[in-house]
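Listed next: structures, encoded as structure tokens.
Next come two complexes built around chain A: one with chain B, the other with chain C.
Up next, the complex of A and B:
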């Protein structure tokens, strides 16, 4: 603890681990993981002195004291569910403050060879089903925030697809945050095991209903060879929430992982993705958009590792920043020795709607193989006055012109969502944000 | 319809318009011709209300209203339309989306019913087909990757859909081959009406072979130095700018 009070300390004291209710340990394999994680969090949270957290200061989280999660009235849940209406049928699981609410969930018949189960049930009834699927990678086990999840998770989801199974409906995970007078914390664990040639669309809606809370989800996805996982996430937490997520993905030969992350909510948020392209011709597409204002802080951190030849990745991250908000993008692409014919492209752009906003970008390419194509670009700027004038000269007022330009800027980040209804769901959230923010100062 | 009196305007502190007078009646087509740097584009931007184009003296009255007191969008809604010399590329915004937003903004301001998606598509189809604009182009980002001709045809389509009372065509012929010029000019001519006026700004006489003006003005160093009928444009073509300037202004 003494180290945490030192100036320039690499850790911020955070007593959460000492006060949080102990999570159930229901299987031998979990004992080791929980113990390892508890050792990692003993020193507290990483400070900005730790390179990976350079732009995101967790001090506000460290100052929070969390109460035990209590019950939430069904009216609150119903109210929040309005923001989770996808506009198409889906296998739906609803979590309130991290706990699965069966009454709001809807798991229609799944095809043989596919399972979608609440993790709490699996932990009690069939923990062996999780062995080897949790804490698979060093990226998760050594992660300072994921360690809190590993130490304390008690619910979440387990999705498994046998070889060749394609779900025709997406799996929609709805996470509702609804805190009372005291902050609460929850650590959902999401496990996806997509067998060879299988196909899955996974959608997450993180809906803030009330209060201050810490959502700390960790997702582990194994994409089998020639399998495809399309992952889309909406983060629309309350403005008092902290949302810190880690997604760890391995992709086998010929497999593909697609991610779209739209961030609108939370006082402080980080969405971190680690992708390992472990087989030849494995592919990843990572898109991220964020629209923030006030004093919001949004961090997107990605790390893509090319381990085998002929892999490809495309990354487009774009942010719209109003007021005194701050956005940060850290994008690492590593092309390991032997990963020849890698094709990797990364782009991050920030649109500043206010002089008080700040955007930081840290692209890092580490290339240890020959014969690869890699590129990256980063830019930040205000709205183009000539574009504004052109639109206004056609009769659009300033607010409408600004909204159209911002929508045009950020729209690219959700274009990759294949399902039209789901894309419309994301577009509607963007439009709602714009309706509130675009009318702001010139 | 439009009356410009003693207009002085500066850009970046440099005086570009220097006491310009111009009166355009309802239904008239006036051409303003002038060499590079004479103030042609500045005139068009001042009329449309672009930021950075500072009027230091004089007045512009449109249908009895002080045009210079209006914001760009208010001018557009009042019926002013500037066809840009260089239409602006707007990535991420589909042409069709932009057009529908603009048309409905203008209709709403005029107290007319806004079009729904179906009505708008039907209306736009007739206009775009007249100009040889494909449906595919309407789905593309506004002006992004459009050829010079496509951009100008797109400007004319916007003009047709917005139905302005007063049109400023800024070098609409630049970047057009003869075929494209014919299409664009036919679109413009189709809009000529007794209650609609036009200001055609051009460097060359060529455009005026297709859009016949009632009055031709020569602009030099920020003011009108000579006015005449359509013959003046032909005289200019034959003699060049130096040949048609009054001695005092040349």
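Up next, the complex of A and C:
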């Protein structure tokens, strides 16, 4: 009977939440938010019996015991920084194990009307600046993993743009994970408030330097009327890391949110995006690619809510799976009552290079309005032997042919990155992965 | 209200009168009037036949399970099986599965009868059948004897729980085909029943299947021997009649090696004020090179415009393609019931086996349908095809929920899934929830889904040629459903097209 209970349990015990050492002292007004979050994590992590976590089992995370984050040598940081060379100028903030390293950051040349501040500073010096921007939505407050972030965050970033401000350089956030002998956990909180008509390119590089750690970033983005936020994320954690991210976005009238997520690293990762199109003519584009091997597990979960008329969204998620890896896509598009003239399209595809890999997809449409155009497509399969034959017949060897086809397949997911240098930064990562994986026999 | 399709086609074919430009408001008012007219339409089959039932006491207990088993003179092993199921069901607590997108008041399982049988049991011929029953069928448009003679269909009609008439038995028997009620099969062919009952849907499968296993009262049993192509389409008409009698049919169809059978299931129910629970289980087994085609037209009472009354339809249907090259094909037209919870599935065990699922689900007023399929690919080179058409109108909700799972050994598996939803009116909802799980790289899985309303362009095109809005909608939706309608057997195609038409009249948004 006990075994049955365990199998059907909706929660996995996880003692992390009981360790007070992880929680820094906070401004009073944030205490309520923390209390709410601590209540949510009291029962532990969600098990695969919870529908939203059906395909991702957090048991490996629950079995980890975390030490308090210690110092990392500057050499280590410099070594990791070489992997996050964007190839163009940017406003840069560097975090090591979740803590801001001012020495490596560069915030000169920020125009008036734009602020980029470390959240640690904001929490001590000016916590009121976060009012109304943090823990805004139910999607964040009710989220089982984001609750750990809310309960324990101590650093991160606050980016604000006044109305009409367009940053000519991207803001580049570099997160370096460098754990020692014991695993560490960090919970960066990223807050973005893009005012009406403003424009922001936000790039996140999650670079794994060493060891096992749990990165649990939560990002909250408010895109104002007619504003545009372009968000690109590279996740290249160590193969022992767990990376569980939630991005919560609200888009105002005429605003646009674009996201590109490229996943290469982490033993277990999930990138979850919740977008609410709250104004008329709001738009979202979500692209994602993942290239995984070994026993990696990669989960992309998206939820787009159309709340007002004339909204549109486009989603393309593609994954390449080698060895015994497992890729999961869960994408929900919700069209609420009254959100007529919604135009929503979603595509998810998985390319399986090896026996033993597993691809799961759950593309969901939830429609409560009639005058809409919504569609989704999903596919899973191996490389097309006809295409292979075509390339081989033209003199390419098998490895080159495979690499070319895989590159063509996954390349679409980064095409949405507008900045050429940044796109090259992502493309180089794909090429490096292919050199290791697609070239060899399955 | 229900005009035959042929007549409509004739109307559509007529030369259109010159179109008079009318403003949008007038058109909207016109449409609203039509919607009202249809919403107020009474359920055509809403009448009650007064036949004294031989009730077991109300409620569910171990004694009731024993009572049912004793009533049917069942052997000990079956009673034991029922009791195992009942005890498991008790341990599940009164918690129905909650994952489907449906909501309904809590079902009181103690407030229903679990056994009701028409008084005159075991007629030997049509002459012995209670004339009241025959009248009921006639009102439904199923003159049993006539239909059997003219259409060549053997009808095992289920009126409440006991089979009352079986035709064409002799002809089928001469070919070795067994087609009888499951109770009779338990008595006459216990070895077959014991071997296959619960082998596809085990008693512990799910809440409703477990309940069914404990209290099933009747249903059909079909066995097609090796190499036999069943000479006629087998058909059962279900009809819920006695007040507060849940129906718990159990159907078992076995197609032995190289055989072929087509089975038709159709249902209507009289008007009721209280919701009635229906939890059937259908099990299909196809051995090497065998083929089973299972077609359903479900038109039970859906409740009134406010959702009062109507049947709760919680059905577990599953087919096992056990043999090489076997094939199971499900086709369903779901227009009735207040709640439809139904996922006809295929377990593709045999190499090269084929599973198909064709579905039309139409919901109106406050109906809720959560339906779809599961295709489990186990054998090599197995293939499956899913075509689902959901149409929701009024304040209804239609959900497609499907699973395609490819296991590591299913080399070369293929699946194609297409689910389209059509929304009619601003207050309905349509959802698509597919699960795709592939664990073999050589498998090819494709899924596509669309949701939209009836195209204004198509409507305008038809209207500008003189076709009335109502006819235009019927025309467009018939086209929308065509891929499914055309795989229905002839006998069902007409009824199904009629149903589609009736359900869609006045559904212009």
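The definition used in the following text is that the second predicted complex is superposed on the first by the 429 of 442 C-alpha atoms of A that agree within 3 Å, B and C clash if a C-alpha of one lies under 4 Å from a C-alpha of the other, contacts with A are read in each partner's own complex, and residues count from 1 in each chain.
What we mean here is this: contacts are C-beta pairs under 8 Å (C-beta built on N, C-alpha and C of every residue); 3 or more make two chains touch, one makes a residue touch a chain.
Just so you know, these numbers come straight off a predicted model, no measurement behind them.
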item	value
Chain B versus chain C as contact partner of A:343, first or second or both or neither	neither
Partner chain(s) touched by A:370 [first = chain B, second = chain C, both, neither]	second
Partner chain(s) touched by A:280 [first = chain B, second = chain C, both, neither]	neither
First, second, both or neither for A:391, with chain B first and chain C second	first
Residue contacts with chain A in the superposition, chain B compared against chain C	C
Chain B versus chain C as contact partner of A:324, first or second or both or neither	neither
Partner chain(s) touched by A:407 [first = chain B, second = chain C, both, neither]	first
Intersection of the chain A residues that touch chain B with those that touch chain C	none
Residues of chain A touching chain C in the complex	51, 337-338, 340, 350, 352-382, 442
Residues of chain C that touch chain A when the two form their complex	99, 408, 421, 423-453, 509
Sites on chain B touched by chain A in the complex	48-51, 71-73, 75-77, 81-82, 84, 87-88, 90-93, 97-98, 101-103, 105-106, 109, 141, 158, 162
Chain A residues within the chain B interface of the complex	385-387, 389-398, 400-401, 404-405, 407-412
